[in-house]
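Below: the structure, in structure tokens.
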Amino acid sequence: MMRTMKYVAAVALAVALLSGPAGAQTIKIGVNEPLTGAFAASGTYVVNGARIAADEINAKGGVLGKKIELVIEDNKSNPTEAAAVAEKLINSDKTPVMMGAWGSSLTLAVMPKLMEYETPMVVETSSSGKITTSGNPYIFRISPPSAVEAVAFKNIVDKLDLKKVDFLVINNDWGRGTAEDFSKMFKEKGIAVGLVETMDQGAQDMSAQLAKIKGTDAETVIVTTAVDQLTLIFKQAAALGMKKRIITTGGSQNPDQIVAQAGAAANGTMHLTTFLPWFPEKTPNPEATNYFISEWKKRGFDFAGCTESFRGYDGIRTAAAAIEKAGKAEPAAIKAAMWDIKVKGLNGDIVFRKSGPEGKESGQSQPNVYLIEINDGKIGMKSL
Amino acid sequence: MRSGVAILTVAAFASVPLWLRDPYLLNALITTGIFIIAAMSLNLLLGFTGQLSLGHVAFFGIGAYTSALTSLGFDVPLPGGLHVVHDPWPPIAGFALAVVIAGLCGYFVGRLSFRVRGAYFVIVTISFAEVVRLVALNWVELTQGPLALNNIPSIALPLPGFGELVLRTKLQNYYLVLAVAVTAYALISRLVNSHFGRAMRGLMENEALAISVGIDVTRTLTLAAVISAAIAGAAGSLYAHYIRIIDPEVFAFINTVTMVIMVISGGKGSLAGPVVGGLIFGLMPVFLRPIMTPEAQWIAYGGVLIVILFVLPRGIVPSLMQRFAKGRKEVRAVGPVAFSKSSAEEHA
Amino acid sequence: MMTAPTIALKVEQVAIRFGGLVALSNLNFTVREGEIVSLIGPNGAGKTTAFNVITGFLGPTHGTVSYRGTTLNGLKPHEIADLGLIRTFQRTSVFPNDTVYDNLMIGLHRQGRTGLIEAILGLPRARSSERKAHQRAGELLEWIGLNRRAFDPAGSLSYGEQRLVGVALALAAEPSMLLLDEPVSGMNASETQDFVELVRKIRSHGVTILLVEHDMPMVMSVSDRIVVLNYGRIIAEGPPEVIRNDPAVIEAYLGQGAMHA
Amino acid sequence: MSEFLQHLVNMLVLGGTYALLGIGLTLIFGIMNVVNFTHGVLYTFGAYIMFIVVNQFGLNFFLALPVAVIAGWLLGAAVELILLRPLRGSDIDTTMLVMIGAWIAMQSGTLWIWGGVAKSVATPFPDEPLVLGPVSVAWLRLFVLAAAALLIVATYLLVNRTKLGSAMRATFQDQDTASLMGVNVDLIYTSTFAIGSSLAAAAGALLGPVYVIFPQMGDLAAVKAFAIVILGGLGNITGAVIGGFMLALAEELGAGYVSSGYRDAMGFLIIIAVLIFKPTGLFARSERVG
């Protein structure tokens, strides 16, 4: 045992020494994502997107004449580890800016470290309102919190003539937050809100919740969860003969995976999403979208991953733009520069607006939100 | 001689921040230390009463939530428009309450679950932890459920006359964790080397015989459960104030597994076991990180665990103790009193 | 205190049934202070069951057991032990993984008892009682003559030695009455002889003794009185010489060949 | 009312699969007294076998089932021979921890090989459900229920009607006596573990297509299996079946009429209640293995 430990330690040291000098010629960007544990699939998608961005930037000569180097670490879908990873990236790898950490509780765990070491982080996925409202000026978020999504949806609801809606949401910050913010918005619109049912992360059988919802007088169900549970819900709703309009939110639906896995059960479902890989021409930045998608396919990843991975792509481009703007790879300068950048993201311009308590605001960008509809296995823009 | 070893060990740990400059490793040591404290408390049950609790993280988490809520404050609506409002208290009070509340839970759980033993006890403790997790997840008004409790303040030590010292830096937290760990260790070692500890061992080895010499089963086991839970609660409080955010995942089964691994690999029933096992399995991920893909790290983690159990089935410390003890046989023949010291070492 | 003719243990109309099976029926007998009484009978006669009832490991279906005027019904075994009524066990008589010395320390539980805080903080009272316990353990070792095995795991001792440790454990609990369950089984002749001496020695310290045993010569030589059980009922009672010639007893033992005498 | 009927139908469908999950574990737990943390991984394994055979080799759905069962049997036997047999006689903590190690390693292996993205298996059953008045149920679920029933009956007969079965029961009662009676305990242990594992794999193979397949899918399944075993009593097949349906009922009604947030709490609350008020499980025999 002890011998193995010695060996491991030695190798660790060697690796550290080797990677040490290399840092001088490159600019490092830390990536803090879940590659194992409950969120492994999504974290991996995001990292793959990030790699595409890094390679693209380096192909064009990097930033400030140096190549950028992604230091990718696994936070094991665990807040303790997310904080530990932040420590490593900042102290051992000396990354002046980071991207992370997918889940909200993971990001929240990293935030005290950002304060401690005054290092900025681009938040690519987390949706909890707390992240941008708890007064952490090192946070720059490109993903829409559910409140932003609700506001975007507000302009569409009239055209869908909703009377009464039920909710079926994953029992975490994302699901609960969505139910809260959307209910508020619906009430303002004079739309009745019925049941709010939850399902645990990783639960496989939602028949009980669906049977309950089937019995209500609401004509629409808002569903918020990751793609795997969405697929199951569509199948199980169909099995229960539930004939209600289903609208999903959150932007990580991977409609293609739904079509592939839920088949006919997915027909007639609508999805609020933040990226349109199916209609590059309709996106705010078509040629970037086309490049991203072609790269994605070239690397043999399944197309379904696009709706998750594009955030990694945008996140890294945002960080790189900030470094470029700052003119030097130093945390303070990069943080300052974040406020002045304007990146043509795959789902709209990335421009940070102040959010949170006076004097220590976090940055929040306002991405576009689209409503798409699945009909006989085809994905189409909802004509409004 | 034993106290000499103890002092040297503590001194060694205390000196770490002086030569270890990397905050990342220091951070790893702090979190590892917190889990070692929890593992020590588990060892009191598993190693000295033979009761394997796989729900031990429940007390850890209850301590974390108690401490966090005490120092953050809360406002819980009750039926009938009533509200339970609690204004923030200093974190140190949270720490104290965490110990007390966790201990109380230990009392009730002990009272109920010691009616069953063996595999049944294992399952009932797992179930208890899961129920607590689901309550933390769904009682949103109190715990904010999955929305997590964030901005938990760091622990502050009141210094009479000088106001208070807020433990923000890693250095401070390292010594805080070390202090709590040493206290817990001393407490447990005193306990197991007292007649309480002998009663526990007696029950573990031959319950009927133990009873026949006047040992009260329920009282002894419940006492162990209370102290064990209280220490776990203290660890949880340290966790909450160091990581500064907690969500119901703090009750995750993997956290219990981590503690059990630390105890059994290090050697259950040996005071030093959880410390040794804890250092190995707490720091292993740090060493594995740079040399393996994430999945491989987990596979190695599981593999190392299995190997230890095959090579040193009784755990690292007892197995080494045994070898070392052989060379001590002669010394022992001196007599009872002389032996009583070395007997204490056996369990130290 | 020296032996007085007062009654120590009183068993009245005790009966035990497991489902339909009758293990004991209408058991009546008494043991006087300072007496050595043996409970004998063929296998399955209910001797050990009687022990379990007296020491609270089994609740009687009906009837009462009382010790020095206190009724034992409903008391927990450890509460009965606190009354000074201590037993040994037929099979597992030791804590196998602990050393002989630690076995005795565990046995001294009733003496060592101090407050939790005292014990943890190592306050004077706790320390002195610890010191006393260590001393007593040493003495007991002397007494049963197992010094040289003091530091070996009790489980590694010979069967006979384990019996001795069992008795020492019981003595550690400071009994006023001792119940020995087949103490000499597994001992050779000379060990048995020493053990008889030991039993007498214990009695001479004023400890009342109730004994269950198969080894007739031993029983005959050590007992003041003998109670003979068969099929859960008493078939004879009296001093050894009477029992030795009691036809009912011989009848009960015929074919079993257990009557070596 | 119609909602209640729907809950009952769901309970039947779910209960069958729970029962299947339970019996495999109850055999291992009861006979070997091993807290088998690899049960969930075997369940996952069975599901992935199904995925490979159907989606990648394009074999027939019904042919794939036995393949998964056999694969589970082999993996189970391997685990027993490599990890458990050398530890025969060591205490329950040690074997349990070895099983935990195997669980961590094997689950991460699954993630390594197939990645975290969920897979789903194409089935030959129609998407349209079978509708009976107010209630409806998917054909696939009905098939799963039938297959589960078949496997349960087969296991019951194996244990109660065959020579191997009686040897298993003897070992369950008292392994020393059993070995004196000339039972090859080693063989019994290996086959018990293999059979239990193949049942777990079968459950995964049946439920994989119903749900989606991902590396952690086994964890929740394993927890429920433990609940069922405790409800039914260690080593008690009939008990496990009834326990499976009880758990399903509690969950359905709990989610339907209490709160879906506490759906999974139901199982655990039942366990605690049962263990406190009837520590040997509801349908346990007089012997305690724990």
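As written, the chain order gives the labels A, B, C and D, with residue 1 at the start of each chain.
Assume a residue touches a chain if its C-beta (ideal position, glycine included) is under 8 Å from a C-beta of that chain, and two chains touch if they have at least 3 such contacts.
Note that the structure is predicted; figures quoted are calculated from it, not measured.
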Legend entry - Chain-contact steps, minimal, separating chain D from chain A: 1
Legend entry - Other chains in touch with both chain A and chain B: D
Legend entry - Central chain (distance from its CA mean to the mean of all protein CA atoms): B
Legend entry - Maximum centroid distance from chain B, chain identifier (CA atoms): C
Inset, instruction - For chain B and chain D, let me know how many angstrom lie between their CA-based centres, rounded off. - result: 33
Legend entry - Chain centre separation in whole Å, for chain D relative to chain C (CA means): 49
Legend entry - Centre distance in Å when chain B and chain C are each reduced to the mean of their C-alpha atoms: 41
Inset, instruction - Could you grab the centroid distance between chain A and chain C? Build each centroid from C-alpha atoms only and quote it in angstrom. - result: 73
Inset, instruction - Check each residue of chain A and list the ones that touch at least two other chains. - result: 36, 171, 198, 200
Legend entry - Per-residue overlap in chain D, given as positions that touch at least 2 other chains: 108, 111, 219, 261, 264
Inset, instruction - Select the category (line, ring, star, complete, other) that matches the graph of chains linked by touching. - result: other
Inset, instruction - Go through the chains and record each pair that touches. - result: A-B, A-D, B-C, B-D
Inset, instruction - Enumerate the contact residues on chain A facing chain D in the complex. - result: 36-44, 171, 197-200, 202-205, 207-209, 211-212, 214-215, 227-228, 231-232, 235-236, 238-241, 257, 260-261, 263-265, 302, 304-305
Legend entry - chain B to chain D touching residues, read off their complex: 46, 52, 112-113, 115-124, 126-128, 130-131, 134-135, 137-138, 253, 257, 260-261, 264-265, 268, 293, 295-296, 298-299, 301-303, 305-306, 309-310, 313
Legend entry - Complex contact set, residues of chain A against chain B: 1, 4-5, 8-9, 11-12, 15-16, 19, 35-36, 73-74, 76, 78-81, 83-84, 87-88, 91-92, 104-105, 108-109, 111-112, 116, 128, 130, 134, 171-173, 175-177, 198, 200
Legend entry - Contact set on chain C toward chain B in their complex: 55, 57, 76-78, 81-82, 86-89, 92-99, 101-102, 105-110, 112-114, 116, 119-122, 126, 130, 133-135, 137-138, 141, 148, 150-151, 166, 169-170, 172-173
Inset, instruction - In the complex, go through chain B and note every residue touching chain A. - result: 22-24, 27-28, 31, 137-138, 140, 145-148, 150-151, 168, 239, 243-247, 249, 252, 254, 280, 284-291, 294-295, 297-298, 304, 307-308, 311-312, 316
